[in-house]
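What follows is a set of structures for review.
Okay, so chain A shows up in both of these, paired with chain B first and chain C after.
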Partner chain A sequence: MPPLPVITGLGFITSIGNDRAAVGRSLRELHHGFEPCTFLDNPALPVKVAGTIKGFAFPSPNWRDWQWPATHAIDRETLRGLAPHGVYAVCALQQALAEAGLGPDDLTDGTTGLFCASAGSPYLLGQFLSQMYASRGERGNPMGIVSSIAGTLNFTLATLYHIRGAVCGFVSACSSSSHALGYAMDEIRLGRQQRMLVVGAEDMNAESILPFHCVRALSLNPDPDTASRPFDRRRDGFVGTGGAVALVVEDAALARRRGVPVQAELLGWGQAGDGYSVAISHPEGAGLREAMRRALADARVAAPDIDYVNAHATSTPAGDRSEAIALKAIFDGGARPRVSSTKALTGHGLSLAGAMEAGFCALAIAEGFIPGAAHLEEPDPECADLNLPRTSLDEAPRLVLNNSSGFGGSNVCHVLRRPA
Partner chain B sequence: MSDPLALRLKTLIVQTLRLKDVRPEDILDDEPLFGTSRFDLDSIDALELVLRLEKEFGIKIGSSEESRKALTNVATLAEYIRHRQPGHGD
Partner chain C sequence: MESRPPAPAPASRQVDLDEKLRHLPEAARAAFRRFRASGAAADLDGVIFAILEDFLPRRTEPASRIAQLPGDTALMDGLGLDSLAITEIVFFTEDLFGISITNEEILRVRTIDDLRDFIRSKVAARQAG
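Let's turn to the complex of A and B:
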């Protein structure tokens, strides 16, 4: 039997809470993390809501001006190589390592790897390029490149924790951290690594969110209580968010030897492309359907055995519809697992989304509940056949499916299981 | 009598590098700026300071060796800038 990857540590910096307890409470009580926002000091901009991260401040590009919760310590050597999402990531990873009972000395012998996902920091990259243009290429912030480009998370976190195992970054837009988690599972299953740290993060600012307004993907609903409502007939786009989620994934045998609790088992994963459009999901969710099928096959799980699906559904008209069609195709024999999209509470975390929602699935498994489909009033007719609980349920799911989709029709799904 | 340029540089150093609990007038003209525990500044901070100085004074600080010498202390920095500012006759 190949090694079984399991989650032993979770860390959260999200719009719905900055630690496991707060996030669990928000998911159970359906408290969203949205606030009114004025981006770029432009009140005329019709994008009015975001999933804000509380307790942090990045008032300038200069790391010396940044603030984060006093519960987390970050040294200056690390800080100056970070983007805002890197600060979130360091905090989330500290939490996950503490929960897994791991100290810095446990990570350096080459048996621990690190896979990360973010889009980089458009904010810091913009600042850096402005300096470069102004000096016609002769001068720029010395840490500008390592703090801003895609890959900044793996550069900085691998250095901070002296990781000598596999280190890599994943860039597949909104399925990026799902890819990171899937390939981390494979590293363990193939016996290459005994433990993988998986981190997804995004900045949460005008530069990371507003580009999606240019493709008309964002909600223009100014009401934080209803702007994000996946599967609802009146949904009009997604609400952006950022933050970071860190997962400690390790060989179940190692977790057992160490005597640490297992939050959830990672049974299998699958991916498939739409081969259709650079920006829009396949209208019938062809790639997502195949990704779900492959994940279930990899996990050796029959579709009717799935208890809960954490849908990708971002609250866009086209995306939710195509996912609903794909779900109905997979669960077509009368099986109707509970389905919800926790983006109704958090907003869409872009590269972060997959790892964030895998973390939520692990929480649901570990703490015995199913997150409800928040803000759903009147389901879109195409989504009405789905089993969408309006409130969170005190039901302990045994098998959970987590869906993610990204630009270019990149679809990734994971199957998680409650430990026996 | 204190040198106005030296005081301006000290203010710039404190502001640019956000030195905590250090007032410009606390910095001595001849004390080392980098590589000591007093200010806890290193070569990355030095590069950031070079960026700011070039913008502030409209000068170019050339090689690493040149900037290392110029940034030894406030007095060497003031001397370096005086010799490179537009209108200097040397």
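Let's turn to the complex of A and C:
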């Protein structure tokens, strides 16, 4: 039997919950994670809502001031090298490893790798560079670079867990952690690694989210209950969020030998570029359509067999429409899988999004439900043909498609399956 | 990093020091205030031990216990500090005492006593200068 990557551990630090049980409840009951937010102490900013991470506080760049839930222990030695999203990531990974029944000694023999995705910490990088400018290069926090640049997650987590397998970070904006998961699947399928830890994370602060206001991508709707409404006619942009999600992916044979439950199988994945615009998705969703086609082909699954699609749809006017067109092109033979974008509840987690939503898909498979299309009141006519359930359904999906798209038209899709 | 002239003392210096010191225990902050008032080297230890405690990899050894440790306890092998933590300590003490430490000097500081003696000599040289 060729290796089959399966998910055996899930960890969540998200706007809709800081553990698996809370996240599952929010997805079933469609509880969003949004709160009113004043960015940069500036009430004049029209961006008023964010998907906040509860139970954490990062009031200064100094780690000595940081707070996180007492349920998670983090040594100062580790903390010194972390960005805020690294703190989320350590907590999420602790949860995922516990669920997979893995201790620190199980990860160090070279058969376990680690793929991560984040944009780095613009917050800490800004602080670090300000210190350098002020001292004209004579002074800088020695931990400034490892804690702030893209790659900080893999540097710090690989060190913390003494990972001696493949260690890498992925940078493709909002498809970054989808790439990390896809290539992690390949590491296992190619027999290079028996187990991969996949972690996506982002800071939840002005420095990570407000730059998207500069490209007019953020919702200006001040109402947390309606600001994020993918596929709705009145959607006006995305709501930003941060957090971390960790997935333990291992070969099915190893999971069987260890006697741990499989949450979901990872059957295949695909990617394709739009080759169109640096920031805006192709108007017909050409790259996403091709990425879905390739993922289905890799998984040897026919489109009509897909039960649920976790859409990328971020609640921007252009992006949701192009994804709807791509979905209709793939599912054109009368098959209409359930479709929802859980960003209606979480907000858009940027580099975190793909892994977060793969985690949600695994939860839906493991716990037998389909997340509803929250906050949808009046579908955009272009999206109206999609099968968008207004509430979560007690239907156990067997085959699930997870979509992600990033800047430059970088599209990635995964196919997940319920274990037999 | 090349050696550089002693750090200037701009008007904002006091604010920076308050920010740097606010995480240390009150006893250490009081020792630093006494040192600033009197220049007495005897008050340095209370500050140095608290700084070391602040950079320990895990919160296990309170500063009072560090003071009890043998002076020849190695910063890396004994206290578990890594080279980046030692660099942070060096930057911290440079700012705190207005002294300047070169890379070559950092490499010679291996034990608790090395650090104490080194800071004392640097501070004395600055006071003399």
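One rule holds in what follows: the second predicted complex is superposed on the first by the 419 of 420 C-alpha atoms of A that agree within 3 Å, B and C clash if a C-alpha of one lies under 4 Å from a C-alpha of the other, contacts with A are read in each partner's own complex, and residues count from 1 in each chain.
We take it that a contact is a pair of C-beta atoms (placed from the backbone, for glycine too) under 8 Å apart; a residue touches a chain by one contact, two chains touch by 3 or more.
This structure is a prediction, so every number in the text was calculated from the model and none was measured.
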Clash or fit (per the criteria above) of chain B with chain C on chain A | clash
Considering only touches as defined above, state whether A:45 meets chain B (first), chain C (second), both or neither.
-> neither
Partner chain in contact with A:131 - chain B first, chain C second, else both or neither | first
Of the partners chain B and chain C, which touch A:75 in the superposed model: first, second, both, neither?
-> second
Once the shared chain is lined up, is A:141 touching chain B (first), chain C (second), both, or neither of them?
-> both
Residues of chain A contacting chain B in one complex and chain C in the other | 62, 64, 76, 80, 138-139, 141-143
Mind pulling up the chain B residues that touch chain A in the complex?
-> 17-18, 40, 44, 47-48, 50-51, 54, 60
What residues on chain C touch chain A, complex-wise?
-> 1, 4, 23, 54-59, 80, 82, 84-85, 87-88, 91, 95
Of chain A, residues touching chain C in the complex = 62, 64, 75-77, 80, 138-139, 141-143
Contact residues on chain A for chain B in the complex?
-> 62, 64-65, 76, 80, 131, 135, 138-143
